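Please find the structures below.
You will see two complexes here that share chain A, one where it goes with chain B and one where it goes with chain C.
And now, the complex of A and B:
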């Protein structure tokens, strides 16, 4: 099953469960307060997911490592490499 | 010739206009491998770079020997994906490392990849910028945001079981890479993503090692223009087809 199909299955399952409960004929409906909470549930879930996404991406953006030491170390090694390669007879371009 | 030991590593280095970077990355590779006692070969696939990369490569072949540096150039720029396929034909190692030649990927991580591979007997070990001590250097906020956003979207849609799908610094068991190359059809960043997704489908195991990615010092990037659009297209294609 493709990822798209998995998503569609999941959504269809949740969607039909929600529809069955929220839009059931009057006799079979869940008690009043529960029904009140049930009706806007899809919107709540959507908003919650949006918030989760924003928070996650924001947090990861803020904590994205800046590899200063790695860059400095590389510069150091580039100097050593250039010197050693020159000594071994490699013709290198200008710095 | 004596049978080759079990630990030989073949490094595939695709180059296009990397005259300044190539000698440095080869020097770092050679030093890393000899320091850690790993048998290696470096396969340089140059696509007819107009800047004289091949001439530099020939000088490196003289310095390090033609058993360590294998030049397997192609006449013109035919793209990264086919460069790997071309290089792999000549690889004699049990493991193949794929990395960029632009010094963004530091050879010092290769011994860590190998350690990781042994630890879990993994089929693939992937470098990751998004975990542990991994990270980037030289990216502005916008590029970081795009990278993080794209990664999040990929994780949600594909649930690939690996944290860095667009990175291209990885170690593969040779047979595994061969099989994956046959299956993967995408180009650019999406190719790297497809490799991991297909690997998961085929039941291969993936280990991860945090890496620091240092933006290229010399030369210019070859991927440009509508990178984001082609990334999204590729992501949706994988979403709908795998």
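And now, the complex of A and C:
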């Protein structure tokens, strides 16, 4: 099962549970305050997800950093690749 | 390296989302369990706005993104035609 199918499955499950509780016949409905909290729950989950995304973006922006070690490693790999290609007879531009 | 402005904006976003989350949680989850004559109710709009405002904000956002994408593609197409 792909990740997408998993998420769709979970969402469908939650959605049908919510619909069953929200659209239940009056005798089976959850009591007053619980029902009032239940009805806007999908919107609430959406807002919570939006808040989480915004916070993640903000946090990553605030702690954005240079990757000096990764840059050095990449330069090293480029140098190795150039040396290897040159050894195999490929003519490259000036180093 | 993140500059001071980046940090300000980033932590501002974090703080804003946290405040929004707490306020909205209070509004949706906690408020129904409070007595209706409790003083806390004066800090919140009527309950139907708890759904209307996010939906309207989402629609506005989608509209804005759509207009933005349309504008960008239109501009780049014009640019491509000129360079032909």
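Throughout what follows, the second predicted complex is superposed on the first by the 66 of 95 C-alpha atoms of A that agree within 3 Å, B and C clash if a C-alpha of one lies under 4 Å from a C-alpha of the other, contacts with A are read in each partner's own complex, and residues count from 1 in each chain.
The rule is short, and it goes like this: a contact is a pair of C-beta atoms (placed from the backbone, for glycine too) under 8 Å apart; a residue touches a chain by one contact, two chains touch by 3 or more.
As the structure is a prediction and not an experimental result, all values here were calculated from the model.
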Partner chain in contact with A:60 - chain B first, chain C second, else both or neither: both
Touching partner for A:47 - first (chain B), second (chain C), both, neither: second
Chain B versus chain C as contact partner of A:19, first or second or both or neither: neither
Which of chain B and chain C A:74 touches, first, second, both or neither: first
Touched partner set for A:83, first chain B, second chain C, both or neither: neither
Which of chain B and chain C A:11 touches, first, second, both or neither: neither
Partner chain in contact with A:36 - chain B first, chain C second, else both or neither: second
Overlap of chain C and chain B interfaces on chain A (superposed complexes): 57, 60-61, 64-66
Chain A to chain C touching residues, read off their complex: 32-34, 36-37, 40-41, 43-44, 46-48, 50-52, 54-55, 57-66
Residues of chain C that touch chain A when the two form their complex: 1-2, 6-7, 9-14, 16-18, 20-21, 24-25, 28-29, 32-33, 47, 50-51, 54-55, 58
Contacting residues of chain A [partner chain B, same complex]: 2-4, 53, 56-57, 60-61, 64-68, 70-71, 74-75, 77-78, 81-82, 84-85, 88-93
List of chain B residues in touch with chain A within their complex: 19-20, 23-24, 27-28, 56, 59-60, 63, 103, 106, 130, 133-138, 141, 144-145, 147-149, 151-152, 156-159, 212-214, 217, 238-242
